[in-house]
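Across the two complexes that follow, chain A remains constant while its partner is chain B and subsequently chain C.
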Partner chain A sequence: MATETDQEARASAIGQLRTDQSTGERVLLWVDDHLKWLMTLPAVLILFSLTFYPLLRALQISTLQYLPTGTTFVGIENYANLLDSEAFLNSLVVTAKFVGVSVGIEFILGFSIALLLNRKLKLRGLWQTLILIPMILSPTVIGLIWRLMYAPNGLLDYIAAPFTGGANVGWISETGTALYSVILTDIWQWTPFVVLVLFAGLQSVPDDIREAAIMDGASTRQRFLDITLPYLKSLIVLVLIIRLVDALRVFAKVYVLTRGGPSSATNVISMQMYRTAFRFNNFGEASAMAVSLLVLVMVLAMSFMKIANVEFGS
Partner chain B sequence: MVSVQYDEVGKKYGDTIAIEDVDLSVEDGEFTILLGPSGCGKTTTLRCLAGLTQPTSGRITLDGHDVTDIHPKNRNIAMVFQNFALYPHMSVRENIGYPLKVANVDADERRERVEQVAETLEIPELLDRDIANLSGGQQQRVALGRAIIRRPAVFLMDEPLANLDAKLKMSMRSRIKVLQREMDITTLYVTHDQEEAMSLGDKLVIMDKGHVQQIGAPDEVYHEPANRFVAGFIGSPSMNFVEVISEGDRIRAAGAPEAFDVRLNERVANRYRDHEEFTLGVRPQYFTVHTDRVENAVEATVEVTEPQGDEQIIDVEVGPDPLSITVVAPSTVNADRGETVWLTVEDELLHGFDHTTGDRIAETDDVERTSRASTSADTRS
Partner chain C sequence: MTTEQDTPADTLPYKQPSRTEEWFETLSKYGVTKAIVYGLLGVFLVWTLFPIYWLVTATLKTRQTLLSFPPQWIPLDAQFGNFARLFAERPEFLTYIINSTLVTVVTTVLATTIGAMAAYAFVSFDYPYNLDFHLPFYILSTRFMPPIVTIIPLFVIFRNLGLVNTLQGLILVYTMFNIPFAVWMMKGFFEEVPESLVESAMIDGHTHIGAFFKIVLPLVKPGLVASAIFTTIITWNELLFAVILALNDNAITVPVGLASFVTKFSVQWINMSVAATIALAPVLVFAFVARQQLVRGFSMGAVGK
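Here is the complex of A and B:
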């Protein structure tokens, strides 16, 4: 063999192995290695100042009492007052009703629509797009649209006329119906989200596993319970957590539609918070509510995830 | 146990023909292999029987009962999928027992039968494991277990070994064969691997472009290929094809008439008297490689050799406008790149294919040749 070429090849390989590095090169290599941290730093800083600073500030304010003469430190008195505040306790009940009914119906309705879409439907793409429209509108816009529809002699009165005999229904102006009208609006807005997530989940069930179950002799019901549901389990938990947390914080829709009224029929926590802070200038108590709501949301979300984890483990 | 019959079964997707005019009968207990390149329609053929694909024409019968419109879950057919399709959230035990569970077999009997099947497949220790913690071979066995536990009428397998490594493939292959023999279940098996097909099947159905090309025993399709496609698809390395001109008892390559000029014995030459031009097909094994000049041989230059242990695959070039030919020779033949060798053809074992249709030109002594060829192949290996 050609030993000369062999030696040349070896020499050039060694030539590429370099042991000397200049300082400039070292700095560049360090930047190269840590680029991911440098790139994310600005975003992390912004997130920190917009999330953690307000949180800490809210914690601080919740320990103060605001008087015309200035502020005084009152410790946990604001929190103690909350437990005695009928308005706050009432807002908790209203919020619970709102969250329970709206998320419950959104889930059932959304799951049903997702299952329907998952069948071989004509014009499926069109239905998918139409269904998603409410989700891309902002809550304020949705509130305004629905306020028009709920208005006396509005669209809904017109639709309901055959049942009511032409009399106007006080959709958002009567204590009996106002909360359910707000809930209806929320369902209209958020069911598409449930559809979207669960439909994606349904699509992710592998064809061959579905077919294997058919070949194994499973009926439609058995396939749904034994194959589809286990596949969707984590997505179901996810969608419920997201909707739960979001529904607990509902504000814009209520503000635009009813401002928490009539009386306090739609006075959800965030509405009560808003009133306390900006109507009564009681920032201390409002902050205490905000912190309590945060804790509530965290506890709920975490216990949900806990349940989900337990289910995953089994 | 049942027999399966396809009558002119076809499946179209819009204007695309997946399969057309598939006529096929599988006897009770027979192991039938659907073999062909990807996209040839073999899986569609299988899925039509499973009921997972609805044929657009023709009908399929099981023991004379038309099942074309019967729901797959009511056909009592079990299937093993290429990716095993195990239920990821169930244990091995639950996976194997699932067909019994949905059939409402009571828990005690279920447990007993699952354990029996696990015993047969030698995986009793895996029963309480999660699917995610199994190796490919173990998953394969679980999939087999789930398919056989119900004692189905027909057993379908869609490339069940495609995802296993070479060594595991060999051992699973023999296991599947033994299992099928013991259970005596009519089986249809899809594969693109001709070696797998030859070693497993009682009957091979060779498909291409949605059409059945040939149905026959492994020996038959190997030694009496119906057409050029089958001849080229079966056998490894592939058969050599050379366009030739026949002149009396001599054949000459159309592209290299000087270099490739072989005299055939009279019996063989008579077959091609009526064909002035045809395609000659010779398996690489049926050339003999000589390192010295011999009578009636083709002179060739060695391009590359691939040692395979006992034998070697040699690619040679013939003529000035080189014609590539692949031959298999014992490893004792000493041929290096660039060297000249001489090839003789075993003329009894060559085939001729019609220029235009690709069909094999009739060989009147087909049956006799098959037996002779297989003895000749035996003595070689």
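Here is the complex of A and C:
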């Protein structure tokens, strides 16, 4: 390759200029000659050994049964068991509800707010900084904050008192409300993300296109459908994919708020996996879940990109 | 600019505005819509910030005033002793803070350095089989993988290597976690450094690796700072891997310690609030330093610089 020979030529040129090469210099020149591999090696090595290799091990572990005496190979039995496992199927339903409702509301709410704010307003830097805060907080801290608000006799019980007649709602302790309380917490944390990204996208719609459309007599709604939406298409898809993938793996929030309970009302996939592996020591079945989850995420992300292409046209 | 003649009214691509739209136009002329927008922005800000205010003020309340009807909106009779009491009743929390700080600092240095080196190499070298194009995509794709997928094998591997319950184990995992982001962040910055700069430095007698550290890296300092802050926040906040890989005080980090205030049977409300406030303070400081880059980071480079 051209650049490689260039570099070798240059490196040896430096070497030739100096006859009094020290060992240190020779090492540096050797480093320079192999720089393109040396610089990528640590990153590739770490990612390979800590993501790719464990992935293969997950596949392998998913075919094993863990017994106190050791492991035995059971083939696809763990996968077959999953289909019969009520707890696992329930966790799929819970996860689907969680992801669908929270990402749906976050997107609609966030996009509306971004559209609303997309005009000449003062203090833009300030509000952008302030709404950034929930996104960067630890999901653990967020879980605790909301635990405090959902507590019996807590703030939300007080706010809801006119509707409940003063009785405690049991936000996270009742099967009927627990999942929606976790969803509300997620919406609180991630709506600002949708706002920030889509607002930045809206701001980058070129003024001249919009002005030309106004000149042509396009109404606000027409401008939105024919200019804004196509212009934001890829950003919208990106936001939805990021949120979808992140929501699918929700763990800390659930762990802190409800630990998957009451009974299994908030038992999302990652919680079910955690329980199976580290409470019941069933590593095989938990790995089978993990592999299924990975396939699910990949299929979802890919089909989503495909749908997005078809719908908006490329 | 088109003239009247070029576009007669009946060939306009769009129909004339409807009455509702005219009505909106009139409203906005008198600043009504603007007032409404400011009002709604205010509501959104209160909704977003109030829960944090509620946590921080909880640190100054007593067990009785914390969950009272009606709530105490402003902590009167502030209990500053709550902070000292946390460390008196739960001295191990100090250990968790030290553990978290060590893990975060080392991870940040490692992930930023390793990520920056890889990003630079992908930008400035040609690799066989188009690897300089494919490898960054492979690296980025690991960010989409649910971390829980690899956690069981990692636990098994780490148990065999004796890395469970060690800070080194956590550092390894978190470095792996943060490299993809650092690579993608830094790639954008390195692409803007002119190639001629490195070439002239090498003609001046610098080695390539020397030019990288002495000339290129100082130029991309904003990117390094942003990667470092992003890594710091992610690492400081992480719970899932810590819950599984850190089982005793040798390695327990702040998030795991926080979660332990909440058990199935009771919650130590005041201690919990104080500890959570301590955990969120550094993150807030960093957020204000690097707000622009954070949005970029969360949107995986799609927004702003």
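As a working rule, the second predicted complex is superposed on the first by the 269 of 314 C-alpha atoms of A that agree within 3 Å, B and C clash if a C-alpha of one lies under 4 Å from a C-alpha of the other, contacts with A are read in each partner's own complex, and residues count from 1 in each chain.
The criterion applied here is as follows: a contact is a pair of C-beta atoms (placed from the backbone, for glycine too) under 8 Å apart; a residue touches a chain by one contact, two chains touch by 3 or more.
As the structure is a prediction and not an experimental result, all values here were calculated from the model.
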First, second, both or neither for A:Gln222, with chain B first and chain C second: both
First (chain B), second (chain C), both or neither touched by A:Glu174: neither
Partner chain(s) touched by A:Leu294 [first = chain B, second = chain C, both, neither]: second
Touched partner set for A:Pro230, first chain B, second chain C, both or neither: first
Partner chain in contact with A:Leu137 - chain B first, chain C second, else both or neither: second
Which superposed partner A:Glu211 touches (first chain B, second chain C, both, neither): first
Partner with the higher number of touched chain A residues, chain C or chain B: C
Set intersection of chain A contacts, chain C complex versus chain B complex: 213, 215-219, 222
Residue numbers on chain A that touch chain B, as the complex places them: 206, 208-209, 211-219, 222, 226-227, 230-231
Residue ranges of chain A in contact with chain C within the complex: 1-4, 7, 10-11, 14, 17, 28-29, 31-32, 35-36, 39-40, 42-44, 46-47, 50-51, 53-55, 57-58, 61, 113, 116-117, 119, 121, 127-141, 143-149, 151-155, 157-158, 161, 188, 192-193, 196-197, 200-201, 213, 215-222, 235, 238-239, 242, 245, 248-249, 251-252, 255-256, 259, 270, 273-274, 277-278, 283, 286-287, 290-291, 293-294, 297, 301
Of chain B, residues touching chain A in the complex: 50-52, 72-74, 77-79, 81-83, 85-89, 98-99, 102-103, 146, 150
Touch list for chain C against partner chain A, complex: 2, 7, 12-18, 21, 24, 34, 37-38, 40-41, 44-45, 47-49, 51-52, 54-55, 58, 66-71, 114-115, 117-118, 120-122, 125-128, 135, 138-139, 142, 144-157, 172-173, 175-176, 179-180, 183, 202-203, 205, 207-210, 233, 236-240, 243-244, 255, 258-259, 261-262, 264, 267, 269, 272-273, 276, 279-280, 283-284, 286-288, 291, 294-295, 298-300, 302-304
